[in-house]
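Handing you a structure now.
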Amino acid sequence: MATFLSPTYSSNPHLPFGDQHTAPFYGKDILSVKQFSRGSLDYTFAVAHEMRVMVERVGTFDLLKGKILTNLFYEPSTRTSSSFTSAMERLGGSVIPINEVHYSSVAKGESLPDTVRSLECYADVIVLRHPEIGSAALAAQYARKPIINAGDGVGEHPTQALLDLFTIVEELGQVDGLTVTMLGDLKYGRTVHSLARLLSLYNVKLNYVSPEILRLPSEIVEEIGQKNIPQAEYTTLEPVLAQTDVLYVTRVQKERFTDQAVYESVRGAYVITPEIMQQAKERMIVMHPLPRVGEISMAFDDDPRAAYFRQMEYGLYVRMALLAMVLGKA
Amino acid sequence: MATFLSPTYSSNPHLPFGDQHTAPFYGKDILSVKQFSRGSLDYTFAVAHEMRVMVERVGTFDLLKGKILTNLFYEPSTRTSSSFTSAMERLGGSVIPINEVHYSSVAKGESLPDTVRSLECYADVIVLRHPEIGSAALAAQYARKPIINAGDGVGEHPTQALLDLFTIVEELGQVDGLTVTMLGDLKYGRTVHSLARLLSLYNVKLNYVSPEILRLPSEIVEEIGQKNIPQAEYTTLEPVLAQTDVLYVTRVQKERFTDQAVYESVRGAYVITPEIMQQAKERMIVMHPLPRVGEISMAFDDDPRAAYFRQMEYGLYVRMALLAMVLGKA
Amino acid sequence: MATFLSPTYSSNPHLPFGDQHTAPFYGKDILSVKQFSRGSLDYTFAVAHEMRVMVERVGTFDLLKGKILTNLFYEPSTRTSSSFTSAMERLGGSVIPINEVHYSSVAKGESLPDTVRSLECYADVIVLRHPEIGSAALAAQYARKPIINAGDGVGEHPTQALLDLFTIVEELGQVDGLTVTMLGDLKYGRTVHSLARLLSLYNVKLNYVSPEILRLPSEIVEEIGQKNIPQAEYTTLEPVLAQTDVLYVTRVQKERFTDQAVYESVRGAYVITPEIMQQAKERMIVMHPLPRVGEISMAFDDDPRAAYFRQMEYGLYVRMALLAMVLGKA
């Protein structure tokens, strides 16, 4: 469904959670972080927190019993797919896993709108992963059932950004007042772009630490700057580590480099180790969207500030919340 | 199980639905449309209609709770596989999806009878898709559990033919008296052959519209002719469109042509557009087994006569009915 | 979890089943047959037998309702994967199937410990199939959730060995006093090695029948010899068939031979036929881990002594038992 959340929705974020908050999500698509105001983030995270409490207490419960999710993945993403599958199963629902879409009707030339309209009668909600930007919005334009964007190429991956923000909320209690430092590949990192946009809804300070060739795109810096968020760029972590509350580490992906010599020169430049982390606060967290390939030393994994595996778990709760919300059961 | 429905079954199609109708399906295989008489079609569609009502009312219900379906697909078919998965889940049952059979035991040289006998202990019913004709019958010969044929190469795909016929019944109320026009590739189209055979059980008029090289095989024309069904062949749609109640469009598949120049010359010859459809009745339906690749203009999709996406949904109800019937729960 | 069963556990195998038997399995990993004493085997098989009774009586029951299994398969194994899926579903639990791990995070260079720690938050127990020896133990070292080893390359496949032994117990009533003859590829056959080790906990007589180049490795012969188990090696079946209670046939795998001429010379040397089996006892069983490719004639399949398809079914009960045990519900 293509209709975004009503803009009047975010104008009243301080009302107690009720119809004015839940109704806008029921039957809606989740396509972009731009759909979320502070009010709807508060609501989403409140639901996600309830999901966490319920999972810790009873593991699984029947909120979505009888509901079916189609996991329509045009490219493999074990982690995201598994997370949505688990979210649906922990809510008592069922899943239709579709990972072979390449070999089948699509290979015969079928369009995405046709595939979605064919498959939607089997499910109550569709999670879509597709390599092309705008594909989730295109699918939503034709589908009668809610579409949740699980990554559309270089476009968006809103549930990743939401789980990143939820991790900060759950681990540190709030977002306002925090200093968030983003490290690594800030040019191509879709997760970093979406998270930065979401963070700009709060009173935060943003530091960007990257090699010169992997700086955050200027349009994003400008967009965030318009919201009066203090931003600063660095090429080394040292100047900002001590003041950082959230260190968001990203992988420098080999496939982003045409010149492999350049890749080799930067790949090891921002490795987080227990030694380096001695300069950081005692109460702060290190995040990573995973998978990592050496950006964070395994020797740091047992440090309580290492939040990256817990981050995966917060993703489960956020996805449970979103499924319940679009199906009108939150 | 290899035993077909008892021939005495079809001799009494007007009895109220009861044991004489349900018993023959319980524990049986669904291998071919040839197993179906008008009586058993009536029964199947009555169950499928009940499934539709239940899905529309409650979404999912526990008729097959605790039952397990193995979806054994030797070749990918996202749509058919998803449809059976959804059917089983909407009935409260579970699914074992097997799509990787190529890489595994079969690659080690295991025979189909061994694979089926190995896997059947894990499930209550097996849906089999296999590229070779006769494979479903072979599997059924060895299996103790019911086998449902989901396509055996150039052989049969009975649940597709059943859902096609059920679509006609649900959309137009009855089959007797209708004029059904089949368009496109009538030579290689397995779905067209099976549907034509099923339609010959009713008082219908059949029109075949195709390029010369893709005419309906003469043995099928003869088989249907023996039942005194009026049949007529055309190379253009124009002469028959106005009198058509059901227009069944099929895809002209590129892979059927050795000479690509011939393919290019015919592919665009039978495209359905809103303009062409102005000549058709107001109350008629356009069907397509999907996927389509241009045979029907997307501009026609919003026309109420465009039944091809609803057709997918009718497939869900037919498969729910068949699963319930072979498991003795209809 | 890396902690093996306490060695004190096996010292008291004759106590009635109770906490001293169940507690050691709760939350534990199943990595190797070496974890099992006669006492814990007795317990496991008692639970597996209960599972058999329940499945025969009601098909499916809700012992593990709300629990989620992640089936993490780095290499395809349709049979093992399906068996665990069915086991979980027959117990009312759910499954997250992961078969595409190659194409995803792992392809990006993620380590097994990271993959396991990322995925474990979605499930309550992980079944792991991996091509490298020691991988299950490595995963268990990092995971908080129980790991069940479903094959780690040339390492172990403990649930296969357990189901083999359970088959003997269920079919013949006991293990002590039996003569077990192993036939075929005894050098590379992982299942044979594990089964021989388990059998050495009982008072059995072991015969090994193989081509010279596929003899049981001497270290295994020595290990078993230290337990005073009578062992004898043969190159033909004839001298031992008449006295055999369990004939365990294995496939001579083509891929084990560098010289295909040698493979061709031995592949047909140990084929079981109805004629040969006339020399065997009336009450004995023929087993095979499957798939077979001609080592047992299909003409023998209907003989009541042919236990190989029933063996698959016993695997279901053993895996149900193990899942229930590690999740504390046995």
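Per-chain residue numbering starts at 1, and chain names A, B and C are given in the order in which the chains are listed.
The rule we apply is simple: a residue touches a chain if its C-beta (ideal position, glycine included) is under 8 Å from a C-beta of that chain, and two chains touch if they have at least 3 such contacts.
Quick caveat: nothing in here was measured; it's all calculated off a predicted structure.
Engineer: Tell me the rotation angle, 0 to 180 degrees, that brings the C-alpha atoms of chain A onto chain B, to the nearest 5.
Structural biologist: Rounded to 5 degrees, the superposing rotation is 120 degrees.
Engineer: Check the residue numbers that chain A and chain C use where they touch, and answer same if over half are used by both copies, otherwise different.
Structural biologist: Homomeric contact, different residues on each side for the most part.
Engineer: Using mean CA coordinates as chain centres, what's the chain A-chain C distance in Å?
Structural biologist: Taking the mean C-alpha position of each chain, the two centres sit 41 Å apart.
Engineer: Show the residues in chain A shared as contacts by 2 or more other chains, in ascending order.
Structural biologist: Residues 97 of chain A touch two or more partner chains.
Engineer: Can you list the residues on chain B that touch chain C in the complex?
Structural biologist: Listed in rising order, the residues are 65-68, 70, 94, 96-101, 103-106, 108-111, 113-115, 117-119, 121-124.
Engineer: List the residues on chain B that touch chain A in their complex, please.
Structural biologist: Interface residues on the chain B side: 58-61, 76-79, 82-83, 85-86, 89-90, 97, 99, 251, 253, 290-293, 298, 309, 312-313, 316.
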